[in-house]
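Just so it is clear, A, B, C, D and E label the chains in written order, and each chain counts residues from 1 on its own.
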Amino acid sequence: KQEKVTTITVASDATWPPMEMINKDKKIEGYAIDFFNAVGKEAGIKFEFKNTAWDGIFAGLAAGKYDMVVSSVTITDKRKKTMDFSEPYFESGQALVVMKSSTAKSIADLKGKKVGAQIGTTGAFEVKKNNGVTLKTYDEVGLAFEDMAAGRIDGVVCDTPVAANYALQKAEYKNKFIIAVNIPTKEFYGAAFPKGKKELLEKVNKGIQAVKAKGIDKELVKKWIGTK
Amino acid sequence: MDLEKNKTIKDGAINVGDGAAIPSKQDRGLFNAWRVAFFGAIGTILYLVIAKPDPYLSILKFLPDGILVTFQVTVEAILLALVIGLFAGLGRISRNPFINGLSSLYVEVIRGIPLLVQLFYIYFALGRIVNVPAIASAVIAMAICYGAYMAEIVRAGIESIPKGQMEAARSLGLSHAQAMRHVILPQAIKNILPPIGNEFVALLKDSSLVSILAVSDLLRRGREFASESFNYFETYTMVALMYLLITLILSKLISIMEERLSVKSR
Amino acid sequence: MDLEKNKTIKDGAINVGDGAAIPSKQDRGLFNAWRVAFFGAIGTILYLVIAKPDPYLSILKFLPDGILVTFQVTVEAILLALVIGLFAGLGRISRNPFINGLSSLYVEVIRGIPLLVQLFYIYFALGRIVNVPAIASAVIAMAICYGAYMAEIVRAGIESIPKGQMEAARSLGLSHAQAMRHVILPQAIKNILPPIGNEFVALLKDSSLVSILAVSDLLRRGREFASESFNYFETYTMVALMYLLITLILSKLISIMEERLSVKSR
Amino acid sequence: MSNQDSNVMVDIRNATKNFGSLKAVNNVSLQVYDGEKVVIIGPSGSGKSTLLRSINQLEKIDSGTIIVDGVDINNPKADINKVREEVGMVFQSFNVFPHKTVLDNVNMAQLIVRKRSIKEATEISRQLLEKVGILEKEKQYPGNLSGGQQQRVAIARALAMKPKIMLFDEPTSALDPEMIGEVLDVMTTLAKEGMTMVVVTHEMGFAREVADRVIFMDHGQIIETGTPEHFFTNPENERAKTFLSQIL
Amino acid sequence: MSNQDSNVMVDIRNATKNFGSLKAVNNVSLQVYDGEKVVIIGPSGSGKSTLLRSINQLEKIDSGTIIVDGVDINNPKADINKVREEVGMVFQSFNVFPHKTVLDNVNMAQLIVRKRSIKEATEISRQLLEKVGILEKEKQYPGNLSGGQQQRVAIARALAMKPKIMLFDEPTSALDPEMIGEVLDVMTTLAKEGMTMVVVTHEMGFAREVADRVIFMDHGQIIETGTPEHFFTNPENERAKTFLSQIL
């Protein structure tokens, strides 16, 4: 611990473009990766990212399989009960993506229909709030979009940057999907830690503040998410 | 006396069934194990629910519709697989080289690809072509896969009927199809039923794979509960116990059915 | 001449193996189907890669390390399963009621729970107790599951050795353990190998389940590629073809090995 | 239904059947006349069964012609099922249908092939079961019957189709000695009623009493033909002599 | 190793063995003296094998005592493996080890149990194989041997342990007639050399020539005991008489 650079294993479900994803060279990349590499530089920590399935990612954290989770985890009160969070590093909302032909303007408009989301995400929780809408959960959000393209479900709810990526940037889906509505849920992503790792948490928080102060986050938004 | 026990050993060939062990009264050890497992599973479930209602009772309440879906997928898939297996099995013994080749190829290819891959493939490939609901495509995918195994069972069952039976029927003027329908298949069914029971249990277990396709079966329900409550350990304990209970009951029913059957037939 | 073909039918009992069909030269249909499937798979892969390098060539380049992981999981799991199966199989025939009961219970419980559920369970439950890497817990879970099937194979293999062999060895003053080691097991192995080959192929296919745990096996690599490129259909085509090719080669190797073995032993 | 040779029921000309390199039936010609009873004898593997089975195409000959009741059965246009209706066959291993009662065994083909009503079929079946002496077993399953009884069911089953010719392939050689008589009696009665019959058998007493003609086969060929008296008392061929001396 | 009764090798007293409700051995007492040759005969199912097998505890008796070479084998403290080293057993079905060569069959227990060196064991094995007349087959696997040869390997294998007593359970009854002689010859030689032997057999010639005592069993009991002359010429018991008249 006296050394300048410590190595930290970070779990990330790299199926969440553009925040975390696998590129053609099988390397994890994305907004969060760049962001935390910058944080690491500031805080003197080396982050080693490890692709991990979303379902069970928190169980692995509790079990000590890795030291930290950076996987577009929204800070919620319920999650705070089982783990600690860093300062927010990204503000996100939820977005409902539908087929271009759809007239839905909110999740509630899809009463009696099926709406997909990744299992255990805030998107899934958002859908559940709407009585009469059937939630279908997927291991990966991409499978939900694929299922919508196949006509099996009528909408997908996920974080805004991801929705933007799928609906607006992917060639395959550009002509099919549209963001019906952005739901301003005012949620924030944080890095998650097992309870009680104060020292590491503080280091990371300092790094996040430094990165924000330097405006690196703005550059990364431009790089990965683009202008609206 | 010992014959029954060694049923699966012949010519030095050993075959161990696919699904859960179907307990035969001849195999004392397994028979007792069945009872221990069965009452053990029920006891554990009751104990957990009563001693720690939070989270076990909530889990138990969350699962039932998943069990129904599991049953639905299993039963529909096995029926469809039977139909596919019947045709493919007949095809495997057909003298027509095209039909025979096609059926053999089907069996070989399907058995060479993991069920999970087939599920993904058929689910998404089918989705591109026609718009079928998730459960239906899951059922179709399971049935196509199990149809290959059924085909081998049907083929073996038919080949187990002495060929004099077919000759006698043909000599009376029955066509090949008539002889199949009235003479061969009715006899083959008796030999075919036990391994089909075995496949039934195996399919029930494999039906858990459809949870990957966001079909809300027993396992999926469990995963949904766990992902929200973070009670991974408790939830999977419950899910495993439920599956165990179901397969134990099912294999018991099958073994009772088989016993009845072997008594009835003469 | 026809005996070999009907090997799996005895006393009206039909057993169809678990894994991919291992093509025997006796079964013309399947043997030809093997060749068609094998060259068909190779041909299709080549055609796709050459005719549509985008995306097929990229997919092909993305998969190889996944194949290695698939092999790693399969081989490690089968070896571990063999060890477990040997002990549990010996336990199943033990006269000690406690050991016998325990082994039977293990076999019954494990075979009553879907592999996928076991994978989740062991992965998460194990995670609570010790910190094992994902691949290791996947291997352990697979081995515990397949160990139950192996146990039944071992048991059946041992029981297929005439009991006079044990009596003769004991009469010479060998202890039970010595007789097992020097007389029974060496003979049983010959009967055990073919079904183990079968389980090997089955395990290779089932190893695709570990992709659920984000172990980067062949299927996982495919899913990663698909989730990024959206080429679900193309990716799963390629993944299915790769699995098919691997299981076809594997089952061929096993059938060659078996032939060698049956020639060698006298 | 009939042609110029109206009194020839089965006309086999230069029939040859190969199993791989083995000529099981080798250039055999044989005419069976209406009402005639032909007994075929010969050592094991001489091709008796194969010849018999080729008459109703359970084996398909590789060359030559077989004309049954005026129909060239190897003509691709011939309806083999129609021919088989007219040719009754009784096997060494009975081949009764174990999943059907005795009555249903005899009824089945009548209903499916002859399309008789169940009432008419049952009537015919009962008559025939009476004739072969096992009417009282009509409700039983074959598993409960002795071999001799099963063989008689098989004969009744074949007769129910009202065939023009009956083929028997060693009908008594799978039977315990005490049951051989009951089956031979049924066959003798049948012969006396004028049925055309081709019988492969080693029962020389039966051959003597019933046969119009005895045929001796060896290595796929007909070596000798004659009346029973001629054949049993004074066979010309050496192999036939040896064979007779062994089995008599 | 020995006690007051030093010349009694096997001492069976009131031994009873039940299989379910069946008394396979029923209250049997029998002493076999050092160097004695006892032949046991009796009808099938009379308990001969069970009695023989209980001497080296392949069957565990339910009551009574069996003392072998001074050791009460049913005493839980007795080391049964040690006892078995001293008791050679030859089975009806040979039970040679098919996965080992003839030489390795005879070597195995010497190496594992007697812990002899491979050199010493091989020397002893060769001598014994020579003695039973199949040294030239030492490199063969049992699958290539005739039944008589396999049985002689089994005898050599048992002798290699230098047992104090040899038990034979119908050693020739699974053999073709032409091979019985070669096995009986080996046994006769063995007897002449003074080996203590208990032999269950139906070979009356062997019993006459070799036995010191013949024992007749029926329904699990010893019904008659005597010298061969007495027994074969003038049995007292009715059942023994009937049995003898059948097999002689």
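Operating definition for what follows: contacts are C-beta pairs under 8 Å (C-beta built on N, C-alpha and C of every residue); 3 or more make two chains touch, one makes a residue touch a chain.
None of the values given here were measured: they were computed from a predicted structure.
Chemist: Which chains sit in contact with both members of the pair subunit A and subunit D?
Modeler: Intersection of subunit A and subunit D contact lists gives B.
Chemist: State which chains count as neighbours of subunit B and simultaneously of subunit E.
Modeler: Touches both subunit B and subunit E: C.
Chemist: Going only between touching chains, how few steps reach subunit E from subunit D?
Modeler: 3
Chemist: From subunit C, which chain is the farthest off, judged by mean CA positions?
Modeler: Looking at centroid distances, D is the chain farthest away.
Chemist: Roughly how far is subunit A from subunit B, going centre to centre by Cα mean, in whole Å?
Modeler: Centre separation, subunit A to subunit B: 39 Å.
Chemist: Distance from the CA centroid of subunit B to that of subunit C, rounded to the nearest Å?
Modeler: About 19 Å, centre to centre.
Chemist: So how far apart, in whole Å, are subunit C and subunit E when each is placed at the average of its C-alpha atoms?
Modeler: About 46 Å separates the centre of subunit C from that of subunit E.
Chemist: Which integer distance in Å separates the CA centroid of subunit A from that of subunit C?
Modeler: 38
Chemist: Can you list every residue of subunit B that touches 2 or more other chains, as numbers and ranges?
Modeler: 124, 128, 212, 223, 232-233
Chemist: At which residue positions does subunit A touch at least two other chains?
Modeler: 56, 59, 62, 139, 143, 146
Chemist: Can you give me every chain pair that touches, using the contact definition above?
Modeler: Applying the touch rule to all chain pairs gives A-B, A-C, B-C, B-D, C-E.
Chemist: If we count contacts the way the header does, which residues on subunit C are in touch with subunit E in the complex?
Modeler: The contact residues of subunit C facing subunit E are 162, 164-165, 167-175, 178, 182-183, 186-187, 190, 266.
Chemist: If you look only at subunit C, which of its residues touch subunit B in the complex?
Modeler: By the definition above, subunit C touches subunit B via 3, 5-21, 23, 29-30, 32-34, 36-37, 40, 92, 100-101, 103-105, 107-109, 111-118, 120-121, 124-125, 128, 149, 152-153, 156-157, 159-160, 190-192, 194-195, 205-209, 211-212, 219, 223, 232-233, 236-237, 239-240, 243-244, 247-248, 251.
Chemist: Give every residue of subunit A touching subunit B within the complex, in rising order.
Modeler: Residues in contact with subunit B: 55-56, 58-59, 62, 82, 116, 119-120, 124-125, 136-139, 143-144, 146-147, 149-152.
Chemist: In their shared complex, at which residues does subunit B touch subunit A?
Modeler: Residues 124, 126-128, 131-134, 212, 214, 216, 220, 223-224, 226-228, 230, 232-233 of subunit B touch subunit A in their complex.
Chemist: Using the touch rule from the top, collect the residues of subunit D that touch subunit B in their complex.
Modeler: Per the stated touch rule, the residues are 56, 58, 81-82, 84-85, 87-89, 91, 93, 95-99, 108-109, 112-113, 141, 143-144, 154, 157-158, 161.
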